[in-house]
Amino acid sequence: MIEWIDLILLGMLALTALRVIFLKDLFAVVMLFGIYSFLSALVFIVLDAVDVAFTEAAVGAGISTVLMLGTLALTGRTEKENTHSKLLPILVVSVTGAALIYGTLDMPPFGNPDNPIHQHVAPRYIEDSPKEVGLPNMVTSVLASYRGFDTLGETVVVFSAAIGVLALLGIRREEDNNTPESGFKEHRVLQIVAKITIPLVILFALYVQFHGDFGPGGGFQAGVIAAAAFILYGLVFGLAKSMAVISPMFLRYMAASGVLLYAGVGLFSMMQGGNFLDYNLLASDPVAGQHYGILIIELGVGITVFAVMLTIFYAFASQTERSNIQ
Amino acid sequence: MNFLDIISSLLLFAGTFFAFSGAVGLFRFPDFFTRVHAASLTDSIAAILMIAGLLLQTSFDLNTAKLIFILVFLLITSPTASHALAKSARHGGLLLFTEKPTKQGGTNQDD
Amino acid sequence: MTTIFAAAAIAILVVMAMALTRAFTAPTVYDRILGVNMFGTKTVLFIAVIGYLMGRPDFLDIAIVYALINFVGMVAVLRYFEYTAPIE
Amino acid sequence: MNLILDYYNYWIVVFLMMTGFYIVISANNLVKKVVGLNIFQTSVFMMYISMGKVAGGTAPIVVDDNTLYSNPLPHVLILTAIVVGVATTAVGLSLIIRIKRAYGTVEENEFEHEDDAI
């Protein structure tokens, strides 16, 4: 049954991707890309990767779509007529695709429990992590504890992306209040509903942040969801009001402090005489130490991701508002 | 199959029926405003029926709370989104199928 | 009960496919957005049903995220139309 | 028949990958190229997740003993990759905005002919 659902979803994905090729209207391309992200998140659920589906739904479909729409508002909506010859790309793509499909024939069959990938590291995580780390969600255990150093690197990458966007675009603050009021003037219903929804969303983000050890979720997802709440506020009430709630400068400090909190846990465990990010020494009981460590570093990840996503949104939105005024 | 299961499958069936009829309406109605009407009404009723059907399958725990949260959230946001969409379509110049198209024409081909 | 859930899941998939077709071949931009929105709300129901079908209903969190992101996406689209006139 | 059942997932994923690749190399518009890049990236994610699936397994969140779980390792790798992916997408899109401001166009064949192109 699940295999059939998987097949249908993959078929819909293939059709969506094919449709994207032939569309000249870039707005429609971005809409279909949102659908593509949603569909791939569904495929992730069917393939048992609930944490990944969570992240893809929030990040891929939410943030990417908003950013792409912001870019389209600046760069125009239609793609010009293609002057390239279509033949060479088709040739390159079919040769590469044929090579890859030939390569898959040597891969072990899909879903077989005896595949080599399931024999090596994974059994250790599956069998020992509930005892060693004491968390039911193995993905969180591996992400935050066994591969904590890796995740620190990823957090730094996200942080540096914010630096990159700020270096390229910067955030214009509206100094004078004479700029036309942005936001939806005539969409009164939307404003009121947004006011009702935003607290619920922030509450849900906190739940995802702190329940991520037991169910799907964690710092990455919670950060994005909290950022989505403020993005909703900024979209409905205008950028100036949103910046009055959380200023861009404060976000920069937040982004940095999240990374520092993460690295600080590592340094603290070194001072206790252990290795970098060795949570066993954070408390007298190793399992309790693991709990503290994971809770704190997930918080650091959540703070950084929240601040980075909101900073990127501010940068894009201030570009669109500026060009709109001109 | 006990009594609860039968009720819940009936609710699920009714929910999918309304969802399906909404999707048909998306194709069959003559203009955008009637289509948005079909889509948004069936969206709400399908969400209510199907989530009620699923609620009967839970014991009283966290999942119940989550399902109710989903229902409340959908019931708040989905009609709002439809309303805002219809409103901006009207402002953007789409016409009802009963109205005569003006000089520029009321329909828009965007492919 | 599993068969009922499976049937419901397949039925929602059919509705999703129809909404997808609408998003592919829409006569106006607004119809496309309507198709995308309908796809999103049906996906929320699909995740809820599939959680019960797979016997792990504790993944309803993902359905909540879908509902939320669908709404934020809709607002972003409407906001985008404030900058660019949808009908050229 | 067995061959198809064993590999259909990988094949469709390869197809998606190639669709994204085709969009990247054939599209003129830079925004569309970024969309293609994202499609490619998502299909790579799907490849990893497919490899981690165990038939009859369930999501790697402990319910009770003696349950078959799917492999959690690819999930961890891909979870962080998705967030990094959106971060790089944001940088790419801001580069596009800068290109638009500097050259007035985002079609790649148009600024090839401009005199002020680097």
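For reference, chains read A, B, C and D in written order, and residue numbers begin at 1 within each chain.
Criterion: a residue touches a chain if its C-beta (ideal position, glycine included) is under 8 Å from a C-beta of that chain, and two chains touch if they have at least 3 such contacts.
According to UniProt, the chain labels map to these proteins: B = Sodium:proton antiporter; C = PH regulation protein F; D = Na+/H+ antiporter subunit C.
Computed from a prediction, not measured in an experiment: that's the story for all the values here.
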Practice item. Tally the contacting C-beta pairs at the A-C interface and at the A-B interface, and name the larger one. Key: A-C
Check your understanding: Centre-to-centre on C-alpha atoms, which chain is most distant from subunit A?
Key -> B
Point to revise | Gap in Å, rounded to a whole number, between the CA centres of subunit D and subunit C | key: 21
Point to revise | Distance between the centres, which are taken as Cα means, of subunit B and subunit A, whole angstrom | key: 28
Exercise for review: Starting from the mean Cα coordinates of subunit B and subunit C, work out the distance between those two points in Å.
Suggested key: 10
Practice item. Could you tell me which residues belong to subunit D and also touch two or more other chains? Key: 58-59, 61
Point to revise | Contacts with two or more other chains, residues of subunit B listed in rising order | key: 69, 73, 77, 80, 84, 88, 110-111
Practice item. Mind pulling the residue numbers of subunit C that touch at least two other chains? Key: 26, 29, 32-33, 54, 58-59, 61, 64, 68, 71, 75, 78
Revision key, fill the gap. Pairwise touch list, complete, is A-B, A-C, A-D, B-C, C-D
Exercise for review: Going by the contact rule at the top, pick out the subunit A residues touching subunit D in the complex.
Suggested key: 6-7, 10-11, 13-14, 17-18, 20-21, 26, 29-30, 33, 36-37, 40, 43-44, 47-52, 55-56, 59-60, 63-64, 67-68, 70-72, 74-76, 79-80, 82-84, 86, 89-90, 92-94, 96-97, 100-101, 104-105, 107, 109-113, 115, 117-118, 121-122, 125-126, 130, 136-139, 142-143, 147, 150-151, 154, 157-158, 161-162, 164-165, 168-169, 214-216, 220, 224, 305, 308, 312, 315-316, 319
Check your understanding: What does subunit B use to touch subunit A in their complex?
Key -> 69, 73, 76-77, 80, 83-84, 87-88, 91, 110-111
**Study point:** Residue ranges of subunit D touching subunit A (in the complex, touch as defined)
**Key:** 5-23, 25-32, 34-36, 38-39, 42-43, 45-46, 49-62, 68-76, 78-80, 82-91, 93-98, 100, 106-107, 109-110
**Study point:** Sites on subunit A touched by subunit C in the complex
**Key:** 1-2, 5, 8-9, 12, 15-16, 19, 27-28, 31-32, 34-35, 38, 41-42, 45-46, 50, 53-54, 57-58, 61-62, 65-66, 69-70, 72-73, 77, 184, 187, 190, 194, 197, 201, 204, 208, 215-217, 221, 225, 228, 231-232, 235-236, 320, 324
Check your understanding: Which subunit B residues qualify as touching subunit C in the complex?
Key -> 1, 5, 8-9, 12-13, 15-16, 19-20, 22-24, 26-27, 32, 35-36, 39, 43, 46-47, 50-51, 53-54, 57-58, 62-63, 66-67, 69-70, 73-74, 77-78, 80-82, 84-85, 88-89, 92-94, 107-111
